[in-house]
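Next come two complexes, and both contain chain A; in the first it sits with chain B, in the second with chain C.
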Partner chain A sequence: MNINGEFIAFFIFSVLAIGGAVFMINLTRVMHMALALAFTFFSIAGLYVLLDAPFLAVIQILIYTGAVSILMIFGIMLTKHKDEDKVAPFTVHKLLSLLGVGGFLAIVIWIIYRNPFFSTGEPQAAAFKVTDLGKAMFKTYMIPFEVTSILLLVALIGAIVLAKREEKK
Partner chain B sequence: MEKSYLSLAIFFLLGIALPMVALFFGRLLRPHRPLPEKAITYESGVDPTGDSWVQFHVRYYLFALLFVIFDVEAVFLYPWAVSYDLLRTEMGLFILVEMTIFVLFLLIGLIYAWKKKVLEWR
Partner chain C sequence: MNITSYLALAAILFSIGLYGVITKRNAVMVLFSIELMLNAVNINLVAFAKYGIFPSISGQVFSLFSIAIAAAEAAVGIAILIALYRNKGTVEADKYNSMKG
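What follows is the complex of A and B.
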């Protein structure tokens, strides 16, 4: 293992991403949880940069770190809840969850072990260009692109209808 | 490629370090005389009443949702703008029409929101 800048950056970002996720589960205040989750999203954007996908990293920051986190904070602000600082006791339910998650982790590790990501040979994908993405999106998949717009429209109108009904109450 | 990321990393680290260093030196330099009045939550100079957690009106949520929808739309505009010149030579003006249709659909949503008085503050 050679230690270079990329390795150090990967180490920092992965520790931040996992740390954010662990804190998100363990923190007791909802707002702190949302912050921890935003931290995880941001670190994943850093990992995307390391994987030579800067466009995906920018989208990760725009959509997840920006929009989704904001939406979550709004959701927290809109709901009534009591901050509970006490830690829930260790129950049978938690033990079962631990077993389930542990089993899932074992299966994932087994699958990665069986099918390694890095095959021996040259990497297949050429260097990423945004123009390739544009070509695929606006030329090859033209109709799905327009349908995406309709999907966004449906989401917008649905949200307005639901929120308006809530407001009338 | 590597060098540009290095400058980005330096920029990022400086951005984190600047407030940390400033606040650390501020802590060393400023006098520290805590009073109970100083510990009260600041609320426009008035003594705060009630809990800091109030339930916000559902109308705020609509603004957040509008923001998310148009944020996603903006993401689609980036690759379109970058590859516009290339696709202009290949497809002609249809590339412009394509994005116009895309934006028009979302404009319908915006007009709907407008008509439903979502954008108004009563």
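What follows is the complex of A and C.
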């Protein structure tokens, strides 16, 4: 593989993303985990820029690094976390989970790298503009777009109804 | 750059998220790990949109829908978590066992 700017940028962003995710698993305080995960989301936005999806990168920063992280921090602050300073012991359950997930990852990586379907030389790359995305979104995928808006409305009302304090009778 | 690097990165992130979902006892962290898994899948979609056999903008559109649905899922998940916390007084996922037979 030749070393060029895209490779270096991919390497940096992927190391940041995986590092943030590993930190999220290993840290003990919940708020630190939230910050590590926000960092991972930010790195994934950088990967979207590399993949010729600048609109998705902006959306990723707005929705994930901004909205979802803040929502989760609200969830953390509205609940109590008593035993978060204790280091959790390494149990049999964790060992089995590690083995299972490791096996899954090994199988997936093996399939990705041995399949000649993907690795026949340098594939042709298509360049997209944001206008193409808008045309596809509002012409081809018009009905799913409207259905998504209804879904968001339902989720909004559902979240309010679920989180509302029940009246005492 | 070819597509295998992106697919491998997405697989690694997905596996880390899966490990978090299985092992974390804090319900907030389980929700976080689910978000990480959804993000890994989005990387796959965008990578196929650029480097797939048939490059197409549809991958990015699907990714946008996926982000919208993930945001709705996060909002409803936090609402359910707060309702559960109000009733049970804890965020430990192991303690939510009132549906156990």
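Following the convention adopted for this analysis, the second predicted complex is superposed on the first by the 151 of 169 C-alpha atoms of A that agree within 3 Å, B and C clash if a C-alpha of one lies under 4 Å from a C-alpha of the other, contacts with A are read in each partner's own complex, and residues count from 1 in each chain.
The rule we apply is simple: contacts are C-beta pairs under 8 Å (C-beta built on N, C-alpha and C of every residue); 3 or more make two chains touch, one makes a residue touch a chain.
All figures in this text were calculated on a predicted structure; none of them were measured in a lab.
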Clash-or-fit label for the pair chain B, chain C on chain A: fit
Partner chain in contact with A:Ala163 - chain B first, chain C second, else both or neither: both
Using the superposition on chain A described above, determine whether A:His93 touches chain B (first), chain C (second), both, or neither. second
Between chain B (first) and chain C (second), which does A:Met137 come into contact with in this model arrangement: first, second, both, or neither? both
State whether A:Ile8 touches chain B only (first), chain C only (second), both chains, or neither. neither
Output check: A:Ile150 vs chain B and chain C. Expected answer is one of first, second, both, neither. What do you get? first
Check the residue A:Ile63 against both partner chains and state whether it touches chain B (first), chain C (second), both, or neither. both
Partner touching more residues of chain A, chain B vs chain C, is chain C
Applying the document's definition of touch, where does A:Met77 land relative to chain B and chain C: first, second, both, or neither? first
Where does A:Leu47 make contact in the superposed view: on chain B (first), on chain C (second), on both, or on neither? second
Have a look at where A:Phe128 lands relative to chain B and chain C in the superposition and call it first, second, both or neither. second
Between chain B and chain C, report the minimum C-alpha distance in the superposition, expressed in whole angstrom. 6
Do any residues of chain A touch both chain B and chain C, and if so, which are they? 52, 55, 59, 63, 67-68, 71, 74-75, 78-81, 133, 137, 148, 152, 155-156, 159-160, 163
Tell me, which parts of chain C touch chain A in their complex? 1-9, 11-20, 22-23, 25-26, 28-29, 31-33, 35-36, 39, 42-43, 46-47, 49-53, 55-58, 60-61, 63-65, 67-76, 78-83, 85-86, 90-91
List the residues on chain B that touch chain A in their complex, please. 1-2, 5-6, 9, 53, 55-62, 64-69, 71-76, 78-80, 82-84, 86-87, 90-91, 95, 98-99, 101-103, 105-106, 108-109, 112-113, 116, 118
Quick check on the complex: what are the chain A residues that touch chain C? 6-7, 10, 14, 17-18, 21-22, 24-25, 30, 33-34, 37, 40-41, 44, 47-48, 50-53, 55-56, 59-60, 63-64, 67-68, 71-72, 74-76, 78-81, 84, 88, 93-94, 97-98, 100-102, 104-105, 108-109, 112-113, 117-119, 122-126, 128, 132-133, 136-137, 140-141, 144, 148, 151-152, 155-156, 158-160, 162-163, 165
Mind listing the chain A positions that touch chain B in their complex? 5, 9, 49, 52, 55, 58-59, 62-63, 66-68, 70-71, 74-75, 77-81, 83, 130-131, 133-135, 137-139, 142, 145-146, 148-150, 152-153, 155-157, 159-160, 163-164, 166-167
